[in-house]
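One chain, chain A, appears in both complexes that follow, with chain B as partner in the first and chain C in the second.
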Partner chain A sequence: MLTSSGRAPVVTQPMLVFFAIMFSFPFWADAAGLYHYLGVEIAVFIIYALGYNLLLGYTGLPSFGHGAFLGIGAYSYGLWQFSGYPGVFTGLAVAIVCAAAAAGAAALFLSHRRGIYFALMTIAFGQIFWFLAIKLRWITGGEDGLLNVLRPTLDFGALDISLRSNLTLFYLVAVLLTVLILVLWRLVHSPFGTALQAIRMNEMRARFAGYRVWLIKWTVFTLSGAIAGLAGALLCITQESAYPDVMSLHASGFVVMMTLIGGGFVSFWGPVVGAIVFILARDVLGAATETWLLWYGLLFMAVMLVEPEGVVGAWRKLIAKLRRSSVQPGPAQEPKPAAEGGAA
Partner chain B sequence: MTASARQPFFLAEDLHKRFGDRVVLERISLAFEEGVVSGIMGPNGAGKSTCFNLLTGLHKPDRGRIVFDGEDITGLTPEAIARKGISRSFQIMNLFDEFTAIENIMVALPAVRSGLSRLFWDTRGDSALMDEAASVLAQVGLQGREHIRAGDLPYGQRRALEIGVALAARPRIVFLDEPTQGLGADGRAKLADLIKALRLKYTLVIIEHDMSFLFGLARKISVIHWGQVIAEGTPAELMANDWVRASDLGKVA
Partner chain C sequence: MDFLQNLLPHLLNGLALGLLFALIALGFTLIVSVMEVINLAHGSLFALGVYLAMVIINPTFGDLGAFGAWYASLPLGARYVIALVFAPLLIAVLGFGLEILLRRTYGKKKEYGLLLTFGAALVLEETIRIVWGSGEKVMPTPQTISGAFIAGDMIYSTYRVYAMAFGAIAIAMVWLFLDKTPYGAIIKAGAHDSEMVRALGINLPRLQMLVFGLGAALAAIAGIILTPIWGLRPHVGVDATIPAFLIIVLGGIGSFWGAVLGGIGVGLAVGLTGAYASDWSLLSMYLLLVAVLSVRGRGLFGKKTALEA
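The block that comes next holds the complex of A and B.
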């Protein structure tokens, strides 16, 4: 469940496990047949998916045009670098502000909508931004995008760290992701997070409880767009370019699939798992066949048919099963407690 | 009571509402006094719920005005009206199903609503807040059910929780829309006891088509039929009213 009874600690066990895996990744990546660049990509997409899940999983708002804000973040970062300001953090800040501004503008129209009307309007806005990215050639470079966005150097006075190496870039993204996870965990367990979930469950009731639902929806959409902007800027650093493809409807669908396959509706960690599964599948399947998306699509359908709550949902059921059989050892065909059907 | 020159606590004047070319409320005027139970009665389709929806902001009246404690609240949004201390329950169950019973109450507490920017406030770990929510649950007879998901509660308890969510807002007036809907005789009796306990503390307005239920609880009842108030008065006055007796409503079960 996204809702959890009882106190939510600032740092949790799954967090520590995740941070340990992440920060040790460069040391075992080779042995696992992976590489640093892949780690950077996964971390960037986790940022993107975590921000996206504020909308989809927590507030129940399906955005199908979120690639727009990823792209706007990437372009803003690239253009900011081109105009002669090499600072990484100012670049990231500019990307966040630009993506938030675009998302905030779109959300003015979206926040009074819900359900299918909301979804359709996000598609429309996504297409508008995508179209602009292609047509405003003198700004965005059209279909080629911005090329040769050089990887900058982090300037800490005495200590300069070049991001040319994927290893240093990985640790920059990992630190940002750590901060994001800590902040988002607090956010979803604060009254604001409770309000988001209340809106998902019953928007009408939330209004009659005095919540300014449209303002909350506007805020969460803008915030989610800002986080996508951060991810976009990091993607631009990683790929040393920004291009319109990530803004297409088709690419916007990826983050939806990531979030769902991981279990964004049932867990804070759903989008994290989903982004890992997605990028790994792309790499593993992509190495085997050019039509990897076909196979990924079939995998996605299979997971959704068998376990609509995604990987995390399946994991939880497995743990619950193991617990039961260890508490009460006995025949394998132990009857299912009635409570589980209700909790599912 | 107070001076007669004073305006009633809650006043609706000349409300008119049409959907397309269908006039649902022709001309409705209602007044509810502070500290008593008022009732709105009428057959199905008479416009009772539409009337509630106008009073609580879901729809805007085409004509007329609504005044609460001297302030004109006509046309305000539901959230603005809720913030004035006007709370309501719903005829069709309207809970936050995935939240537990106590979370349903918590989310409706004004303190939580006005603490949206407090990132480090862990409401579920705040014992004072949880106590406050638990006391509201106890008021509607749901002690011991705090940590059961609203969607998993039996029907009668969901009904009670529905009222609890309305009370959690620390309301100055509470509108209950057909609270007996779907309840059996036993459930009705329990609900009547609950409302008798609540009327000592709250100003209540209850919509009901079950006449016998309302007659035992309300001090003043307005009968709505064909989009108009056709009769008004105490239960005893209404029993003697020709209009009421002529309609199906006169057949007290």
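The block that comes next holds the complex of A and C.
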């Protein structure tokens, strides 16, 4: 359940397990038949999906135009580098600020909306940004996008680390992801996080309880857009290009898929699991067949029909079942956790 | 006078486009109001309808024997009319199937239904790509409605006039159906309060299935008429539904006249800006949307509904 009460520890067991797996990835990747570049991509999309789940899973706001902010992050990073300014971190900061500004502007119109109006409006805004990315040819390079955004070098005074190799890039992304996970975990267990969940469960009651719902929705949308901007900038470094495809309606739908396949509605870790499953499945299916999108769509439909709570939801049900069967059958059983709180 | 004369064709273009957009939007809004599902597969149903119509007009599969020979000898016009009837019917049947799948998501989170249709959209679009390839296709149209005619000192495309008339008549028929028949009354009641409709002894699941089929068929009809203007490629569905989404929000969700006026407004905006800055014409509809929503939060005719909860 995405509900929290009381104090949450700063670092949790699943976190340590995840960090251990992530930081050791380059050592066992080859043995598992994976490669470093894939690890970078997965880590970038985990960042994207974690930020997105602040909106979808925690606040219950389905945005269908989130690719726009990923794209804006990528373009801003690329343009910043093109204009001759050095510094990876300043580039990332610029990307975050630009994406946050765009998301903040869109959120001015969006945060008064609810339900279906919100979803349709995000589609409209996503399309506006996508359209601009294609048409502002002299800035964005049109349909081709920005090409040859060469991978930069991290400059720590005495120590220069080139991001040319996927290994160093992976560790840069992994460190950023670690920081993000710690921050987001803190955030969703803060009073702000509680307010988000109150809005998801019942927006009107949250307002009556004294929350400034409009402002909270604006803030979380902007924040989520900023994180998407970070992911976009990292994607731009990884792929050495920025292009409008990631901003299309389909691509925006993919992050929703990612988040849900993993179980974003029921767990903090849902988007992490989802991004891993999504990219791995794309890689495997993409290698096996030209028509991977077809199988992808079918897979996704099956998830929605059979287990819409995703991998984490299925896992929890399995654990609950195992526990129940290991306990002696009798009337005194642990109460079943209540169904998802704000069914709306 | 010269100015007006230059403007007139663009106005008419916009009107034709708008009426057809409105038709897509009407199907979409019917589904949203009765089932509370944003049907992201609407565009794919639209596209598949056109591809099916193309096949019905010029069957390319297998050997159909004597029937095939007889059918091929029919004039193009007759085959066109047959396609205009049967392709939407086939899409309606597909819509029934999709609705049956969707039933599992009713009563759960709204997003589940929406995402199921997103999956369906991927499957349909990829299927189109597998069967018909990714290239542009041309849908044949009968002689009588192609070409151009001269009115006064203006040359105008016959097809666009036909499309405009067809759109207007189709919208009128949907209105008659919804407003003047008992079935329409049941659908409107179902959109208003489906629990009550069920309590009155009406078969709600069947009603929902039929409404989904009707919505899908309207998309297919609009697609067949719109294609000679817009061209045909696998992702044409997305291009066509984006305006439909905008129109729904612009006109107000669940409102018939909102969809029609929104459709005409968007069509005119696209048509007129197309006259002066064709590259930017699609942006005008987004700007129109933002402008309207800044003033009226629920669109032109939107009312506060359960859909916002």
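Structural remarks
The rule is short, and it goes like this: the second predicted complex is superposed on the first by the 325 of 344 C-alpha atoms of A that agree within 3 Å, B and C clash if a C-alpha of one lies under 4 Å from a C-alpha of the other, contacts with A are read in each partner's own complex, and residues count from 1 in each chain.
Here is the rule we go by: a contact is a pair of C-beta atoms (placed from the backbone, for glycine too) under 8 Å apart; a residue touches a chain by one contact, two chains touch by 3 or more.
If you're wondering where the values come from, they're calculated on a predicted model, not measured in any experiment.
In the overlay built on the shared chain, the residue A:A105 is in contact with neither chain B nor chain C. In the superposition on chain A, A:V284 contacts neither chain B nor chain C.
Shared-chain residue A:I21: touches no atom of chain B or chain C. When the two complexes are overlaid on their common chain A, residue A:R205 makes contact with chain B while staying clear of chain C. Of the two partner chains placed around the shared chain by superposition, chain B is the only one that A:R186 touches, whereas chain C remains out of contact.
Counting contacts as defined above, chain A residues 343 meet chain B in one complex and chain C in the other.
The residues of chain C lying in touch with chain A in their complex are 32, 36, 38, 40, 101, 104-105, 108-112, 114-116, 118-123, 125-127, 129-130, 238, 242, 245-246, 248-249, 253, 279-280, 282-283, 286, 289-290, 293-294, 297-298, 302, 307-309.
Contacts from chain A toward chain B in the complex involve residues 1-8, 183, 186-187, 189-192, 194-195, 197-198, 201-202, 204-213, 216, 342-343.
In the complex of the two chains, the chain A residues touching chain C come out as 56, 62, 109, 112-117, 119-121, 123-124, 127-128, 131-132, 135, 248-250, 253, 256-257, 260, 265, 291, 293-294, 296-301, 304-305, 308, 340, 343-344. Against chain A, the residues of chain B that register as touching in their complex are 56, 77-79, 82-83, 87-88, 90, 94-100, 103, 106-108, 110, 112-113, 115-125, 147, 149, 151-152, 165, 168-169.
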